[in-house]
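Chains: A, B, C, D, E and F, in written order; residue numbering restarts at 1 for each.
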Amino acid sequence: MRPSGRNLDQLRPISIETGVMRHAEGSCLIRCGDTHVLCSASIEDRPPPFLKGSGQGWVTAEYGMLPRATTTRNRREAAAGKQGGRTVEIQRLIGRALRAGVDRRALGERQIVIDCDVIQADGGTRCAAITGGWVALRLAVNKLIAAKMVTSDPIMDHVAAVSCGIYAGQPVVDLDYAEDSVAGTDGNFVLTGAGRLIEVQMSAEGAAFSRAEMGQLMDLAEGGIAQLVEAQKAALA
Amino acid sequence: MRPSGRNLDQLRPISIETGVMRHAEGSCLIRCGDTHVLCSASIEDRPPPFLKGSGQGWVTAEYGMLPRATTTRNRREAAAGKQGGRTVEIQRLIGRALRAGVDRRALGERQIVIDCDVIQADGGTRCAAITGGWVALRLAVNKLIAAKMVTSDPIMDHVAAVSCGIYAGQPVVDLDYAEDSVAGTDGNFVLTGAGRLIEVQMSAEGAAFSRAEMGQLMDLAEGGIAQLVEAQKAALA
Amino acid sequence: MRPSGRNLDQLRPISIETGVMRHAEGSCLIRCGDTHVLCSASIEDRPPPFLKGSGQGWVTAEYGMLPRATTTRNRREAAAGKQGGRTVEIQRLIGRALRAGVDRRALGERQIVIDCDVIQADGGTRCAAITGGWVALRLAVNKLIAAKMVTSDPIMDHVAAVSCGIYAGQPVVDLDYAEDSVAGTDGNFVLTGAGRLIEVQMSAEGAAFSRAEMGQLMDLAEGGIAQLVEAQKAALA
Amino acid sequence: MRPSGRNLDQLRPISIETGVMRHAEGSCLIRCGDTHVLCSASIEDRPPPFLKGSGQGWVTAEYGMLPRATTTRNRREAAAGKQGGRTVEIQRLIGRALRAGVDRRALGERQIVIDCDVIQADGGTRCAAITGGWVALRLAVNKLIAAKMVTSDPIMDHVAAVSCGIYAGQPVVDLDYAEDSVAGTDGNFVLTGAGRLIEVQMSAEGAAFSRAEMGQLMDLAEGGIAQLVEAQKAALA
Amino acid sequence: MRPSGRNLDQLRPISIETGVMRHAEGSCLIRCGDTHVLCSASIEDRPPPFLKGSGQGWVTAEYGMLPRATTTRNRREAAAGKQGGRTVEIQRLIGRALRAGVDRRALGERQIVIDCDVIQADGGTRCAAITGGWVALRLAVNKLIAAKMVTSDPIMDHVAAVSCGIYAGQPVVDLDYAEDSVAGTDGNFVLTGAGRLIEVQMSAEGAAFSRAEMGQLMDLAEGGIAQLVEAQKAALA
Amino acid sequence: MRPSGRNLDQLRPISIETGVMRHAEGSCLIRCGDTHVLCSASIEDRPPPFLKGSGQGWVTAEYGMLPRATTTRNRREAAAGKQGGRTVEIQRLIGRALRAGVDRRALGERQIVIDCDVIQADGGTRCAAITGGWVALRLAVNKLIAAKMVTSDPIMDHVAAVSCGIYAGQPVVDLDYAEDSVAGTDGNFVLTGAGRLIEVQMSAEGAAFSRAEMGQLMDLAEGGIAQLVEAQKAALA
């Protein structure tokens, strides 16, 4: 019934390749089906100005999409002179999600910038960016630990994200573009490795949804995230 | 236990004054405690370019905040030369939320722009903007109906929003700034008059939350929104 | 003869309500007929960079208009990405006018920012902004005096403004939009409480005007400003 | 008593050299003492969009200053990414002033753009721009007449501008930078060749001024403008 | 003697992988040692406005660099709000170079946009972008030919580019970052498959260079480009 | 055969008038036929941030063009809100070229900004800007020497530039607009007074060119630059 023939609770094939950007402190290329996102983590010695002297660090994210990641070419945001509203919304979500898994006091007064650049898009880019961004973050923090620049591990747990939605009247997980572009309701769940909730974003573009449907979507998310966390572990092993 | 002395499930006093901007097709000043938002609806004859010839209309929103709506002055976005990420995120939410309550085909090829300008801020401005923005929209659509410019009512149901969060370990509704600025988890619920879900946005800024807590927050939201819908009805009566 | 039925030298009803923005050091809502402007004064501890170490302070102003303050919706300047030429011109006038009534040495090395936001427009918004902005400034300076942060009153006199013009061949005071949009000559006068001139701006959009007409307009301005100063005093009493 | 040794009512030496930009339909280099402004007029076939189909034309102006026109280098506005408030204010004044001397219906549906670029600045650049801009405009319109593209002369009269102010307690005309930078009150007068008023802009930067002083300044302006109009005539002869 | 141990006339290992972006009409990932550039070609139905009705097409290019393509993170241009001068200079070069190899009349009234995004940088990114961009262009034009949208092949010859410079007093080809950052003279040569010159850009950052040195650099370029053209052929075979 | 009737190796008449901007530390108006560029040098006490503490100085350039320097009016870059790609490319070239003739250590920790503003354009504006910009730089450095602010002359040699190209199948020097707009190949050479190369930029807009043609162009450039250097010497004498 799904355009891809997947089961309602079936993720697309996941691949996470680490160490793909030689200059970055941490990096990976995450592929969720035909959605490919390059994630890098850059450690900066100084925290953002508002945390100077606070003893705490910061994790932030920036998101971009190559102009031809999509079926028709999108205008390059650098040429347009500003980041669009969708980009701003997405990169704020990524940053918030990753920060929620970090003990910012243990990180100390530094900043880690996660860059997520979509090489190819087929739905679910923001979720792939969070899941892959966490791997890049983990690798960068490993370097801090190895260099004894932190005394305890600032990462508290895995963080991963998956989209869910109601497609053709059925709750499904990990929507691809063919599903996403027509789904009446869809959104994103960000969970920890322990299954606790970090971020829930569910929107009705068409018909409003019921609390029972919300529960079904959350079930699907829990199942999907468990698999994504396994993929993170495998990539880091 | 709450700084304001309110019960966990108690909203701030609500007031919705309609017809406050003489030029707008619909307008109101909504006050949720010390949060005051001026909402106007402007009808434009033409839909946005991507809907030309589609037979459908559009509802969009813009959000702003007077520089001194807050305890310390914020830089004026027009002077800064761009809308900040938070503004962009909020106005996209308002537009999505209000569109979900509108039959865009019944609206016909026109656009209604909802402007929400925060005169005074004390937490929950985006929720007040949605609740008040719907009243402005309702009033503007009433004019279309009266002028026989639409043949059936494009508004399908009330739309209202309320914030919920976990403050000092307890789930609470309608957070004011004193609560919002320290809450570990908070977010916004947008519901229809019939109690169906349009938008759920819940974020953990500190500790992640459990599914049980999510359920408690949703209970609070349902209770709060029922009162807000009553206030909308009273204002329009 | 005037669209509103007013006499040539008759102002619109004036109302100045103080204390309308709880966070601001000074604020008022001034209504000149259907022109409504929200004015706030924000005290900043530091002067602008060019006055650092000079022993002098600064007063500056910013001006904005809600998109639907006017009969048809104007584009939001924050969304357009810059302040228009008219806005820039007006806010420079407001700042200059208010500074002319302040002893900047007595103010000390701090800055007061006056925000004037037009809620509803019906002609004469810049004059209302000056007259109301001065009330906000007066209230903020009162706080400095009460807190003994200044040793003498930096405000030297009232400052108020009124528009004058030639409508249908006759000199009139306080033009509303119906008059302003067709007046061949119009402009603004800013005077002190003692009736001395701070700013004179008179422009012929159509036919040039004579020195005799200039004199008549100045007579009207003197009469109008005397009433506005009385309204300022009443609001502060 | 004046830094330059001039009498109170004495202009700086004026020179207007025409035809200095070979591509422009009209051009001149105006020198008022050490203030040098290059003015050009460009005829465009189409009016601005808001006049399409109105049968009327438009005259507009743009103003710029070379970075090193001043004693210390100013940042190039093109590099800064926007025109400053002062620039915007000045170019709006120039456009308004020149339009007031033009019968826009006789001009027909076209636009003339006056570019005024300050090569060297020593006070009074906006007045020099208006006086020189009018010469460029006159020359461009002469071409329209010669080409029989207009049937009657759209220019109704000369337009010229001069600054006046109160320097060291005395009213003076045509302030240079040494005077302008310390004058308590100063401003600009734009008059027609027939001596009628187009624009009056007088500001008190320090002490407010009296109506009697306003009269003295206007007397000085009338005398100065008469000489500037003679210089325009001589340049065009 | 070279940091990489290469001979003076030795290129880095070249790899060109085609078809890496499924949505693009043509694409490749070109690797010149540690410099990796993703190139895509997008066919647009319409030419740029200035060619409308001319019977000719256009080829243009845009260039970007992922923030962490470099040893330290660069600010994202979309976030900075504009493309830097270096980016603008580079993308103009790429566009000019590729256009020189295209018969724009045979292309017809359409535009091909070449996007070159640097995934990893180690010197010579603009040359890799031209060499890889040509492969993407060739693949896209092949689609036009296959679809019979053009009647003759608009591509006249291969276009490839290589950098040359004087490193430690010796002329070398294909500088990597370690060489490029200290070379006194360096630049880029763009040649056709037939060995004719399209673009020569040589700059002395330190000591000026002689005509004899210019000749040596040109010899190196000819040798290097011959190898790059072979790599293009192999990738397309 | 050339539109101007010049020989293939004949420059346009050159004139360099120094001291034309009274406030600048160095200035000149250079005229190469109908191309007129105003050049000024401004000395700043501080180097750019990246050279702070390095003991070295910097020379940079900015380039602009008056809107009506060209046959049809160009949009003012300050009004457009950014410098175009061509402007950015040109001013980077001017800065690089002039820096190549300066011993930045002898200059000490200061910056000299060269502003080149095209008053009238007829081809070759960037070359005129370099040749004239060097004169302005020389004059400004003379002031540093006279004031004993440098202990040795930071200027190592003359720097001058000329364009060359293939017009109607013949190599020519110093192309005017009539030639430049149709030349298949053209570019710019920057040389020192001693005839060494600083910058070579040659582009084929139409047919690619041979190495033999490159040699002929270089011969022409050497001859032309020798004359330009003589003109620089004469202007400074």
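Methods note: a residue touches a chain if its C-beta (ideal position, glycine included) is under 8 Å from a C-beta of that chain, and two chains touch if they have at least 3 such contacts.
Every value quoted in this text rests on a predicted model; they were computed, and no experiment measured them.
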| item | value |
| --- | --- |
| Set of chains whose contacts include both subunit C and subunit B | none |
| Contact-graph distance - origin subunit A, target subunit E | 1 |
| Reference subunit B; chain at largest CA-centroid distance | F |
| Copies subunit D and subunit F touch via same or different residues, half shared test | same |
| Superposition rotation for subunit D onto subunit E, Cα-based, multiple of 5° | 120 |
| Candidate from A-B, E-F or A-E with the same interface as B-C, over half of contact pairs in common | A-E |
| Whole-Å gap between the CA centroids of subunit A and subunit C | 50 |
| Whole-Å separation of chain centres (CA-atom averages), subunit C against subunit E | 59 |
| Cα-centroid distance, subunit C relative to subunit D, in whole angstrom | 27 |
| For subunit C, residues that touch 2 or more chains besides their own | 81-82 |
| Arrangement of touching chains [line / ring / star / complete / other] | ring |
| Order in which chains appear around the ring, subunit C first, subunit D after it | C, D, F, E, A, B |
| Residue numbers on subunit F that touch subunit D, as the complex places them | 21-24, 27, 34, 38, 40, 42, 44, 62, 64, 66-73, 76-83, 87, 113, 115, 117, 119-120 |
| Subunit A to subunit B touching residues, read off their complex | 82, 85-86, 88-89, 91-92, 96, 99-100, 157, 187, 191-192, 194, 196-206, 208-211, 214, 218 |
